[in-house]
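Following this message is one structure expressed as structure tokens.
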């Protein structure tokens, strides 16, 4: 019986090698940013309303002209198949069956064509802008079938993640003795990996024709990481992409307003789960101020730190229209495969329904700041 | 010699099976709400007044036209006899003898008729509104002899309590191997339970004539839990019940004002002891604002987190007229039976007298916000 | 080499029986008040001034028309000789030699006549008002030789100190098996106690002529504890006592102003070291507001939580003219007898000189609120 | 692979004797000041800006008419060669090669002439004003070749550092049995020390001609520590020194303004790394208010608590133009000699570049308060 995501996380830690778990679980620097994301959720406390008929709670939410069964979807995850072979497809299918959107990353380990085949209606694509413009052009062309394109703007440079450095994470995995022992202790993961092959950058590899092995490909990938994505680039992208365009990774209210004015259809308020800038403010902390700045109608998504259905509701109360989960879905798949993701969705749905009933609210669009008792602004000192 | 309630709690933990202790002790989710309730009391610090004659401290309090020996009573507790066989009656008698009110729950394990027989003057009844209106009607009719009827409005849906799920709590107890071992380790509880029989929903069972065993009854009980209790229902109830009507489970100031306007005679400011909505604000945190909103005269009761006589005084200082204790009384009965409850009352009385003398106050009605040094608003992050 | 008071405290814990150490070290209830007193000092941080000539720091302070070598004295301590036989006289002599005042408690274990013989210039007397007026009258008459009389007003009723209850503290000590073993493990204390005899209420015993043994005396003592000390009583006392009159144990600014208006010569802002009201605000927390209310000239003393010379300076910065130490001196005497108290005074003097030099201040009267960087108001939740 | 400074600190702890490590690592009193310095950095969280081209991040900074490769330099350290034989020169060379300034202390263990020989362009001198004016005069004359002279004003009196007292730190080292064992356990340090000789006050020894051994010299040095450095002295110094004059050790905004008006070219906002006044406010806490008071153009440096490149950026965001590191460089040299310092500089550079890119800023002068999300004022209670 699944009691909370934390149980899945612990199961995942036992079930997959450390190099994979740390890649998933870790963050930038001393990981104070990861902790601050959680602390921001813990600080927000609800002020429920009673004596409202909540016999019929409806946890669905509208976004981009569709009704989703629940007010959250799956955030883009690079290198997903390192966490568990086939993870991308498992998560994508479970999301589709639950009526939730799935976002494939440019750095994902499954080809966009494959993913769209699995879930034509519910899969979105997230673009990392490459240094060579022709690559971006081609990726955009391949994404055409998706209704929604994310462009992630909080990775202007690679981040330092000490756990990954300590573990010697690289692609292809070049096992040290320690890593070899670690892998040997996780035979199920190893067997699955042997069957499926090492994870590959399935969306990018074609642009590096000279890169005949994974190592060369990873080097190519790194060489494409770019600090050039600026407002002018966003203008170009807006002109080029006719579907919904979502800017992922903003925190400053003025940046969100400017993205809206530049024609973005939505923004993901995010600090990349604390993986890029350790000392970043939590995205939840900024959300109410952003909502005030941008007005009631502009679609805001939030991620970074969501670990329960109650957290999803907190994000909506703080001003989001929709929520994304990153690590949560990956813990589930690492703990129990596709079934784990289905369990997770059920758990979150039960929690969302229960919290909404307790708050006296039957529709997600009625979750607003009046239901929060909190001084959002406080920042905790979270270094251990 | 009883030093503090915490000692009783520890004794209770040793003396009763885990399934029973966890049912009593636990809360919703990760139990951050239970901790926040305590944190709110710890944050409130007194600003005492000196040089007032306190030779004659009087800890009694008036509520509903009666003078109670102490300014607190017993909150409604479902399934009390699971905690200790006969617990309901023990607590009821001890309260009666101490001049304190006892509230029987619809989900209590002793029939309302029995309880009223034990304590005709001091027993109140708490109504959970059932899905079938005829049941509610009949319960109200049976409660007629009570001066006070509570209607609990913070249980629109069942809550997730991970400890209960992990322990496999159900009625009748269906012991797993682990639970059987647990029970076997508590022979006194087991012997008492064998004598008394498994706890039954003594107030409800008659409405489920088809339910010939406890299991079917529990299923029936669950089916009656209702999210339909709304303001219209309160109006109906107000018209139907001629005695004092108390709404239990409000936190928002506007809800309290509306309940008053709807004819409620009092409100219990409560978050159900952190058992329903993990991320709820503490009831003590809301109390001063509620008192300001509702004016000085409307009777306010408070529960959730009271663990000492000093806490009772804090609640009065923060704006309550009267206090309810839930777990405290049950720890006492689990630790030492009826005598335990009497000890507990004596302990609380001694603490209330001592704190009032220290504050320079001789009458409970003079305990007001000027005696608190505190910024009530602060919310602590209490997830571990 | 003495590094900090904490070392002395630890030495004291090893050197004296638990019943004595806990009596000294403990506080009311769960001792959150003791911790809050410390937290208030820790929260206050200095904002030093530089580039002032501090070659000649003078740590002396004027109070009651005298210049004291350092800006602190010894708070009244009841039952001092239980902590170490002869403690009262040791502390009194060490204080005298260091040019500091010593306050004898009514509940002290050395007669006022003896103490005044030891230190005619520097000993003050603290009055606990007894239930029988004639006793108070006689005590006041005997105190006539002292320049300063304290009246303690924060003990309207006995406090609950769980450690003392658990240890079975009483006078005379009635050793349980556990206490006997404890005492047997501290032969030096025991030998000294055998030589000196059990501690006696040397100032009170004469008023209980029927009380031929310590037990009867203790009962008599308890019977005298009084909640009748009120403003009228203070008026009477002010008329009766011609020397300096100090009210000890106020925290509310209006109480301090009223005491001043009633003719008190000074007030000790104190919560009795957290020994009476567990949930009391810290005295340091209230001090700035009290100073603002009472004006710059009225003499304010502070105690409760002072553990270092830096703490003494913090109290002066926060608004005190003079500081009292309670437990600190007793830890010292318990750790190393009279020499321990001398060491302690030297340690505090060194710290005060060092902190004053760092703050850029050469005279104690120039220590003011501009040297504090702090939001005095914040209250920490300090229950563990 | 170097992951963070903390790893170097741990390596240093293993590699050098405790007496040396504690001298470096410790602080005044219970070291709450050291912890508060860290807490202040942890509280400051960034609010990054996105969609700015950061392909070309330039971490250099202008100060005193020069462009430095990175926005930080080395703070003056007394007794450096105790930490590791030859440490002063190692740090000086590594700084020079990285294009960073190095500050030699009057209490340094390498002669100013030697240091200037090593790094004629990048070495600064820090003056401790001696009691005898002629010594100060001569030191200033010898410093003439340096472009920048610091005068440290936060050491009006020696501080109590309990670890040093407990270790029996003195010059020359007079090993107790414990210290001898400690030293024996660190043969590499001991061998290096035997080769290099005990550390000497190489800048001061000539003024104590009678002091034929290290002990006499240390006594002489102590006798020179002076509380006489005041504003008049600063005026004299300003008249005497024609180069850049920097006042090190101010925290109060009015002191900084006055130093500016007195002709100082810059100020180091510093609390001496928590080594002088335990209860000092953190320098980072004061910085924004100081910047507001002193205006945008006056050069402000900051030290105390900087442990990463992100901390360097935080200081710039909070109002500094340049940063100094004290312990950080010494941990590095103790952990791995001169190569350690070079590693450290590389680590900080990588972090600075990464954080600046994440913030959307390419030039250090554009790091301003708009990039901080924080309530700088909060002070944490940091005693353990």
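Which chain is which? They are A, B, C and D, in the order written, and residues in each are numbered from 1.
Following the convention adopted for this analysis, a residue touches a chain if its C-beta (ideal position, glycine included) is under 8 Å from a C-beta of that chain, and two chains touch if they have at least 3 such contacts.
None of these values were measured; they are calculated from a predicted model.
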item: Co-neighbours of chain D and chain C - touch as defined; value: none
item: Copies chain A and chain D - rotation angle from C-alpha fit, nearest 5 degrees; value: 90
item: Copy pair chain A, chain B: interface residue numbering same or different (half cut); value: different
item: Geometric centre distance via CA averages, chain B-chain A, whole Å; value: 42
item: Mean-CA-position distance for chain D and chain B (Å); value: 59
item: Multi-chain contact residues (two or more partners), chain B; value: none
item: Contacting chain pairs - touch in the sense defined above; value: A-B, A-D, B-C, C-D
item: Complex contact set, residues of chain B against chain C; value: 1, 3-4, 38-39, 42-57, 308, 310, 314, 350-351, 353-355, 357-360, 373-375, 380
item: Interfacial residue positions of chain C with respect to chain B in the complex; value: 29-30, 32, 36, 153-154, 156-160, 162, 165-166, 226-231, 233-234, 247, 249-252, 255, 258-259, 271, 276-282, 285-286, 377-379, 381-383
